[in-house]
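One structure below.
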Amino acid sequence: MSGPAVAAAGVWKYFGDYPALRDVRFELGEGECLALLGRNGAGKTTLLRILAGLSGASKGGVAIDGGDVRASATRARVGWLGHSIGLYDELSARENLRTFGALYGVKAATISEWLERVNLSHVADAPVREYSRGMRQRLAVARAFLHGPRLLLLDEPFTSLDDKAIALLQGLLAAARADGATIILSTHQIREAMELASLVALLDRGKLVHYGERTTEMLNDPGYLYRTYGSAA
Amino acid sequence: MRTKIILALGAITLPFLLRNLHMIIFLVPDDLEQGPVYRIFYYHLPPYFVAAMGYFTAMVASILYLVKKDQKYDAIAVSATEIGLAFAAVNLITGMIWGRISWGIWWAWDARLTWALIGWLVYFGYLVLRRAIDDPTERAKISAVLSIFASASVAITYKAIEWWRTQHPGPVLSIRTGGGTLDPAMENMLYENTLALLLLGAIFLLVRLRQEEVQREIDGLRRFVHAGN
Amino acid sequence: MTMLRHAAVIATKDLRSELRTKESINSTLSFSVVILLLFAFAFDPSPDMIAEFGGGLLWIVFVFAGALIVNRSFARELPNDCIDVLVSSPASGASLFLGKALASFVLLAGVECICLPAFGILYNVTWWRSLGGLIGVLALGTWSMACVGTFFSALTVNLRLRELMLPMLMYPILIPSLLSAMMLTNTLLTGQPIPSDFTVWLRLLIGFNIIFTTLSVYLAETVLVR
């Protein structure tokens, strides 16, 4: 590994006139878990998409393990869980995992393991369209973790998850951390994020207004961060 | 500085165009076969060259944009394409008028006219596509890619339509190019008017470019204002 | 090669999805047969007329069908943002494009396999006289549509008015290959071997495919990463 796991250097992103990200710079070491906080429209999703290689920065750049985000080898180590579940409704759970898994070189045995782990083995061959919301969420999580990513990028993963799914995700994230993986997750569910995070970052209208360790104050009083570093209104 | 160049070019081009017009109407000799009506030719072939130059410039600018990601190349690409389209339209319309007067029909599916129409549609599609994308960076990128496809397509279509028309002989409407069959006075006039129209095209290009740059400056100022909040 | 392997995964997935839902296949097939009917009413062609423009007629049907099929190509990735999962995967933009173009090719070929007999029945044409050549030309022409169409599907996937823009952009650019395919198909339908001066059309068709496949593969990544 060369340098920090994730490095952003002077990242700007414009959508037309609007600067969604303004001069964002930070370094994240391997094995850290970063909670990315901010109001709606602060730029969390934009930043995560750039890190995932889905978007390009207008100015500046990002590096994953010192390498280009769009390099195939880099992307093989990254797991992405966005706002939507990222699954094909007309295919079954097994077919979905097989398709995505094939792009990462995942073996059939691993797929069966994961179906077991997220409690979907019994319905693995039914189309995803027929699943309940909780089941779809669990499958989406399985898809993101399937290939054993070293860097996990999760965009508001706890939103609209039921209790079982939240517990599952927290368990998986803790296990991934214990395994030395790096995690960046953006969230509104501050409590769950604070429990997992070792570092926190606060984005306010595209600017990184705070980046530092997750303190006990933040853990006990989640709104602390916004009051201290965020701007009024 | 830019304004001075535009004004200087204008000062040269306007008298040049007027002088050409005068010569074309009064001084250049009649064509043996077609009589005076052929004079529209001087406003038919030169626009074709200007349009071709416009499209070529757009292609080069598009490639440069994809390589360098500098927005100014996008401005050149769209300006050059618009100028090209305008002159190509003149080419098409004068061709149709000439055909109507000389052969009694507004349109014929000969190689040149057909290719001109297809080419016009392809580049018009470029403008329509641009309208559908709001984000300037995304718009620049997507249009650059389309412009490259358009150029390749128009080049291939040229040959294709030519072969199509030599396979199926129809009414012969091939427009004579400046070959050995032209009276030297006519040939010179052709080159002179091409030059005049090229200068005119250059003026339009510079004005249009100026427009794009001002737009970008406005966008930048808007960003500045947004960022301050 | 990894790129081809990834492309195969994408192609298989697309085909499996389409066969599962039959969304575009059904509508495309019925649409094509309706067009064949409409042409019969419009022209009421005699066998001589068919010999003159049968190839052209067939390809117009294929082109309309083609637009319907390629329109779905990248649009099917929009629900649930599957496109994001694909673009962030190790698969390159080129392999995503290639896989989808292959799937569109197969689907379009399937439609043609049904349209051809339908055409033969409705217009009383024995089309199988130069079957080998015909299949070759159909394959080449269909690939040019699948290739350019899928690329433009990627180009327009996020635009409003996608359904309208895609054919509008695609058709003029496809004219050289469609022209060649029509010329060649016309001759092949009449059962005669390709005359020597027609090899120019074959070369044009092949050249077109090479140029545009190369351009598409090369530029796919640029288009897919926003």
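So that you can tell them apart, the chains are marked A, B and C in the order they are listed, and the count of residues begins at 1 in each.
In this section, a residue touches a chain if its C-beta (ideal position, glycine included) is under 8 Å from a C-beta of that chain, and two chains touch if they have at least 3 such contacts.
These numbers were taken from a predicted model, which means no experiment stands behind them.
Peer 1: Using the stated contact rule, I'd like to know whether B-C or A-B comes out ahead in C-beta pair count.
Peer 2: B-C
Peer 1: Specify the chain with the shortest distance from its C-alpha centroid to the centroid of every protein C-alpha atom present.
Peer 2: Most central by this criterion: C.
Peer 1: Among the chains here, which has the CA centroid at the largest distance from subunit B's centroid?
Peer 2: Between subunit B and the rest, the longest centre separation is with A.
Peer 1: Averaging over Cα atoms per chain, report the distance between subunit A and subunit C in Å.
Peer 2: 38
Peer 1: In angstrom, rounded to a whole number, how far apart do the mean CA points of subunit B and subunit C lie?
Peer 2: Chain centroid spacing, subunit B to subunit C, equals 32 Å.
Peer 1: Taking each chain's centre as its mean C-alpha position, how far apart are subunit A and subunit B in Å?
Peer 2: Result: the chain centres lie 50 Å from each other.
Peer 1: Can you list the residues of subunit B that touch 2 or more other chains?
Peer 2: Residues of subunit B touching two or more partner chains: there are none.
Peer 1: For subunit C, give me the residues that contact two or more of the other chains.
Peer 2: Each of 226 in subunit C touches at least two other chains.
Peer 1: Enumerate the contact residues on subunit A facing subunit B in the complex.
Peer 2: For this pair, the touching residues of subunit A are 14-19, 22, 58, 205-206.
Peer 1: If we count contacts the way the header does, which residues on subunit B are in touch with subunit C in the complex?
Peer 2: 66, 118, 121-122, 125, 128-129, 132-133, 138, 141-142, 145-146, 148-150, 152-153, 156-157, 159-161, 163-164, 167
Peer 1: Would you tell me which residues of subunit A are touching subunit C in their complex?
Peer 2: 49, 52-56, 70, 72-73, 75-76, 78, 80, 82-91, 95, 99-100, 102-104, 127, 143
Peer 1: Under the stated contact criterion, what part of subunit C meets subunit A in this complex?
Peer 2: Residue positions touching the partner: 2, 5-6, 9, 12-13, 16-17, 20-21, 79-82, 84-92, 221, 225-226.
Peer 1: Could you please specify the touching residues of subunit C with respect to subunit B in the complex?
Peer 2: 148, 151, 155-156, 159-161, 165, 168-169, 172-173, 175-176, 179-180, 183, 197, 200-201, 204, 207-208, 211-212, 215, 219, 222-223, 226
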